[in-house]
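Below is one structure, written out as structure tokens, with a few remarks after it.
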Amino acid sequence: MRLLLVVLLDGLAYAAWLFLVSAGLTFTYGVLRVLNLAHGNLYALGAYLGATLLLHYAASGSEVAATLGLLLLAAVIIGILAGPLIERVFLRRVYSRDEEVQLLLTFAISLILEDVTKLIWGVTPVVADMPYTSFGSVRLGGISYPWYPFLLVGVALGLAGFLWFVVTHTRLGKVLAAVIADREVSATLGIHVPRVYTFAFTAGAILAALGGALTAPMFSLVPGIGADVLVISFAVIAIGGLGSIGGAAVGSVVVGLARSAAVYFFPELDLFTIYLIMTLVLLFRPQGLFGEIEIRRI
Amino acid sequence: MHEVLRLERVRVAIQGAEVLRGISFAIPSTGLAALVGRNGAGKTTTLRSVMGLLPLRDGQISLNGEKLGDLPPHRRAALGIGYVPEDRRLIGQLSVADNLLLPAWAQGRTDVKKRLAHVYGIMPEVRALATRKAAQLSGGQQKMVALARALMSATKLLLLDEPFEGLSPGLGEKLAEVICDVQRTGVAVLVAESDTKRVSFVERIYTIERGEITEQIDHR
Amino acid sequence: MNRYRKVLAGLLAAAGLSLFVATAKADPPAGAPASLKIAVVAFLSGPASGPFGIPARNAADVWIEKINREGGIGGIKVIPVFTDEAGPADKVVTEFRRLALEEKVAAVVGYISSANCLAVAPVADELKELTVFGDCGTARVFEEGKHAYVFRTNAHTVIDSLGAARYLLAMKPDVKTIAGINQDYAWGRDSWEIFQRSMRQLKPGVQVVDVLWPKIFAGDYSTEISKLLVEKPDVVFTSFWGSDLVTFSRQAKARGLVEQSIVLVNNTGSDIKDIPATVLIGSRGPGPIAPPDVEKDPLHQEFIQLYKAKYGLAPNNYIAHGAYHFTQALQGLKVAYESAIKKAGRWPTTEEVAAALAYSTFDSPAGIIQMAIGNGHQAIEPAPFAVIKQDPAIGAHVFTEIRSFPAACVNPPDGMKSLDWIDRGFPGAKC
Amino acid sequence: MGGSLRFIPFLLLGLALITAPFVLSGWVLFLLTVAGAKALAVLGVVLLLRAKLLTFGHALYYAAGAYAAGLGVKYLGLHNGFALIGLAFVAGLGVSALLGLLVIRYRGVYFALLNLAFSMVLYGILLKFYSVTGGTDGLAFPAPTFGLIGLSEASLRAQLYELTLFLGSLLFYLTYRFFASPAGYVLFAIRDNEVRVAYMGISVNAAVYLGYIIAGGLAGVAGVLVGLSVGHITPDLAFWSQSGEFVFVAILGGVGSVFAPVVGSILFEFVRNYAFELSPYTWQMTLGAALLLIIFFLPGGVWSLVGLARTRSGP
Amino acid sequence: MSVLLETVGLTRFFGAVCALEELNLCIHEGDMVGIIGSNGSGKTTFLNLVTGYLKPARGCILLAGRDITLLSPRQITRLGVARSFQIPQLYLNLTVMENLLLALAARSGRVGLWARLHRQNWMREGQEILKQFNLDRYGEQRVAELPEGARKLLDIALAVALQPRLLLMDEPTAGVSTQDKFAVMDTLVSTLRGSSITTVFVEHDMDVVRRYSRRALVFDQGRVIADGEPSAVLTDAGVKRAVLGHA
């Protein structure tokens, strides 16, 4: 029973992380129908900048709010810098071209950003774990947990709620819904579709960078952390259905719990859990748990 | 009499094939005109070009004497052009009210309530549908809502693509009345239609064939 | 004080340089080339570049400068060709062929990844290219094949995990339960295999409560740590390195795993400033952890000074093991060339240099190196271990409770496979 | 008249390629061997791209071929090169036939990333089953034998080159025939309009499956040829960056012709080996920038520059 | 005449809209049936259901007595049902001839991977079909460069090349000018007359239905409101109102 609690706690903490890193990918795809292969690199940039800000401006005893503020700031900086640049300069030119060209384009950008990160921060691990170690810990199920991962559970829940609210209850969300449903009609209604695209891509970039920034205190940062994140986030959102925020949330929880259970009960399977679940889901529901099949008009 | 809409030698190609081959015509102020031609003659292409959804290969489109050039569609909407596509294309998951309000939000209009009241005034039956999801409506209802939505932006020009298709005769008559009402409020209207008889109420009919205007008939 | 010492060292070096240049110019061996090109291959990009590759490259850089300052090898100036080890095996082998066939380097020094050492070894023999491995660990290179042109001047990986077992028993003789957490790839698998087999021999009855295999660079180990916290083993053995070691040790500290269990790491695969104190750790041969005899070795001191002067160092003078290993390779080459010259009375052939290097003994910044096993192609080294502690005097982490197990204690004898040797109870070991 | 002379350039090219070992340096020869072998895997990627299927996981079959042969050496004691190549081909076919059952149902991003995920699973398996696969340390490939012809150490490289040349040429010719066949055209047709393909009574899934298996088999052979040349195989063969490289080379060469992958592959190997020396830190950035340039300014790849390609993308 | 196609209680919804309601219909072997109705009356939905592109909510479809309701478009095509489309469905990056050769390869069932697609006998037959459709001058052109009208014809030619038992055409004269539409239909009808192909075509134009069909069906809001001899059906006032919106 106690073990089950521990498995659950670890699973939830991991699920929160999964949701934070995959929300941006699914959001961008939802609006633009472009899978951003540079997502992992934006994550890495957010993580590095977050760590840098923490190292420079946060004392070891900093308040929770101040620390989170710094990390959020890092994410916003990266998103505002990279998002419009990528979308306006590059992506915009290939919307009319085939899907695989769009994939290749973001792949090219991912290669470039990988080296940009390396040129700025070098190859030695960057460590900024103050919030992880300094926010104190709590004893649950007989063992010690730092608060930070549970803080992330809170942040993930908050983010999920926020995104849900924005999408369903605000004018912005309705404009987004219109653009997703029909680009052309949206334009004839007076919606500045290119601006919505820039906005959505930037929002996705901020979310990606936020995932990274919030992760920074838990990991040490080295080149290449982005690539894994891309594959994992894709698996999560493929399970949930590409473009669905709710799907990403459910996918995160499923994968998080399964992976945690695997570590405890079948450690040899750890590596494969996420792909196993993805394969199973796609076998029976090719469009993911919350995806929809589109029928082409003929 | 000044012209709300004027097309001059407009050429448009889709996927390399020329669909409009130098179309010229005009709608006078508060005019009510129809573009009549068979499927594939270029009616829809003409309306889409006016809306800015297709780039011109050659020629000019002007609104109240101002050349529209390559102004993107959302700017044209802001200039007061409303467009009802043939297949309605409402945003299914939003309510009817939200569908109507979208143009106002997008254009940042301040007179939302007034405009909405105006539209409900012309089409009171749409008010009753306000809270329903667009996807739940019948085809005819969707058609009316799409018209109402276009009216939210159409302060100068309303473009209707085959509005009578799929409407029951009764609803068709009702629609013709609404179109006349709209015209009376000072908005020029251009209707694309395949059958001359259905647009007997308009002032002027242009016949379009294979991307060219072949005939102009003035009713009044 | 410090500056004064640096100036003095500089003066001395300059004096030595002029002296050596004079003698070297006077006496170049017959048939000597104008210069001696030596390729230095290390990870300059990728995750292994930070903890190993870049320090190794830097070390080779300062050490070749030193060698040249002192007259070069056999009076001939060394020209280094630095290249990146990163990339898949086909790229690494292509690159090796380019170095041998196009650049026509006299020798290749380097390779950090075991996979690359295994891939390169047969090619070196095919091309008759003298190759001295820099840092890779796998025992397979010389235990599964004979390579006439290939040498390794650092010990293979057995000393790391056998040393860990011996150090653990020295520090905590009553250990009852152990658990392992290792990266799921060759180094992690090798390390755990050697460690647990050694423990079985050295203290039968020790119970393995858990073995965890997270994927390499997984990034987060919270779940694994929770599990270890639940299981409460006496010792957690790990062969993590680089960012994984940093993240794991920090999370382990934050979660109280370090207090609950002894965390035993078999390598200093990252800067110790990033590892929280009270971790038992080994340094893959002397160097980062220097037993007294190595500490006193003038080459050790000189290396630290040279490295510090050019690349700067933290107050604890920590330099990664990869860096020491590369200087060992260069020292080995230098000594072998010079003894081959002496023997031949002219510039030696590659085969003569190889013959001179086999079964040789030479001094290096990591102390005395013996090419004692693998037909004289494989070095043996002692296994130094320590506990990391915060030293308030210099405000940095330092190694304490240093204990070094002699080379003859942690290396199998010539001609015996490591795992057989362990399973047979370490015959011939002198501890 | 022109028709009878058309094969002369090919004949000359063939002669030049066959006699290359007597002229070229060992390193260039090795590079050509590896490039030629990898071009087979790239050809598979190109084949799928004809049906608009972009895969970021083709290294899966490349590694499957290499490891099937590697394990054959280790556990079956196979040393016959033809047997190893056969084994790799069957492995490429077999694994793609199995996974193809799932992935052919997908298009676009799903196809691209499902393949990526599966290749990462294989990568994980190769790491995980350390005692079988040697983990990251990999497996050694000793010099193979070829039936009655014993390979001497001295001419091993030249013979591996000739082997790659002949086998590669054969497979390229077969693929060329495939591209010109109805089934090959169906891939084009799928790119343009799947609906019509179905309404011709042709099975889209069967055509994609066939293409997928052929691409898998080609990659399998590429894997063993590279393994034989390099002499050592590691799980990196299955890593996503290897798949990315195949895609890059495919786009670099262009999808217009079966020759494009060869040109792209040789170009890439040389550029990579020099560029790695010039800027080891920004190598990926260079690749990325080159890819951007190709996307915007040279959508047909280098092959379209050669000017030999017909304006339309025929076989 | 025996029944070739039969639908029983065929029903399909799009969201809340009932696109086709309880359709019971028989098409006889060798017949030429014209379907007319306003947009949204369910004509195209009917074709999409019969050819398996959409699945019905209720009801079943029988082809020569065999239930094909749940079969895929490919399977239904293999059973001898071919169709053309309102929006031509072509291979834009292949030539006109290659489009046709693929249809011929598909018909022969020899979609092999060794022998060439450009086979002499197929080329010859392809050339003939192109001639019948007045498309022979476009043979080597990419479809993407073709004018709209020619695309429409090619779309039909591809269906005809399959030599189906049942041919379904979705607005064959859409996009064709008034003066050309009869010429196009004449071409089509003369081509089909030589064969025993049962033909159902959906049309917008009363004149075309009146002139070319032997039986006319009128769809309105998902139901058949009239069925019979064209001249009789099309003069009915209710039909006129439904199709044209006025009597």
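Chains here go by letter, A, B, C, D and E, matching the order in which they are written, and residues are numbered from 1 within each.
By definition in this document, contacts are C-beta pairs under 8 Å (C-beta built on N, C-alpha and C of every residue); 3 or more make two chains touch, one makes a residue touch a chain.
These numbers come from a predicted model, not from an experiment.
Hopping across touching chains, the smallest step count from chain B to chain D is 2. Under the contact definition, chain B and chain C share the contacting chains A.
Of all chains, the one whose CA centroid is most distant from that of chain E is C. When every chain is reduced to the mean of its CA atoms, the largest separation from chain D belongs to B. In whole angstrom, the spacing between the mean C-alpha positions of chain D and chain E is 43.
Centres computed as Cα averages put chain C at a distance of 38 Å from chain D.
For this pair, chain A with chain C, the centres built from the Cα atoms lie 39 Å apart.
Between chain A and chain D the centroid-to-centroid distance comes to 33 Å (mean Cα coordinates, whole Å).
In chain B, the residues that reach two or more other chains under the touch definition are 92. Residues of chain E in contact with two or more other chains: 53, 89, 92.
In chain C, the residues that reach two or more other chains under the touch definition are 45, 184, 213, 215.
Interface of chain C with chain D (complex): residues 44-45, 83-84, 86-91, 93-95, 97-98, 100-102, 113-115, 118-119, 122-123, 126-127, 138, 140, 144-145, 184-187, 189, 213, 215-216. On chain E, the positions that touch chain B within their shared complex are 15-17, 38-41, 92, 144-148, 151, 171, 174-178, 181, 204-205, 221, 241-242, 244-247. For chain B in complex with chain A, the touching residues are 51-53, 72-74, 76-78, 83, 85, 89, 91-94, 98, 101-103, 105-107, 149, 153.
By the touch criterion stated above, chain C contacts chain A in their complex at residues 45-47, 49-51, 53-54, 184, 210-215, 217, 219-220, 222-224, 226-227, 229-230, 242-243, 246-247, 250-251, 253-256, 270-271, 274. Taken in their complex, chain E has these residues touching chain D: 51, 53, 72-74, 77-78, 82-83, 89-95, 98, 101-103, 105-107, 110-118, 142, 158-159, 162.
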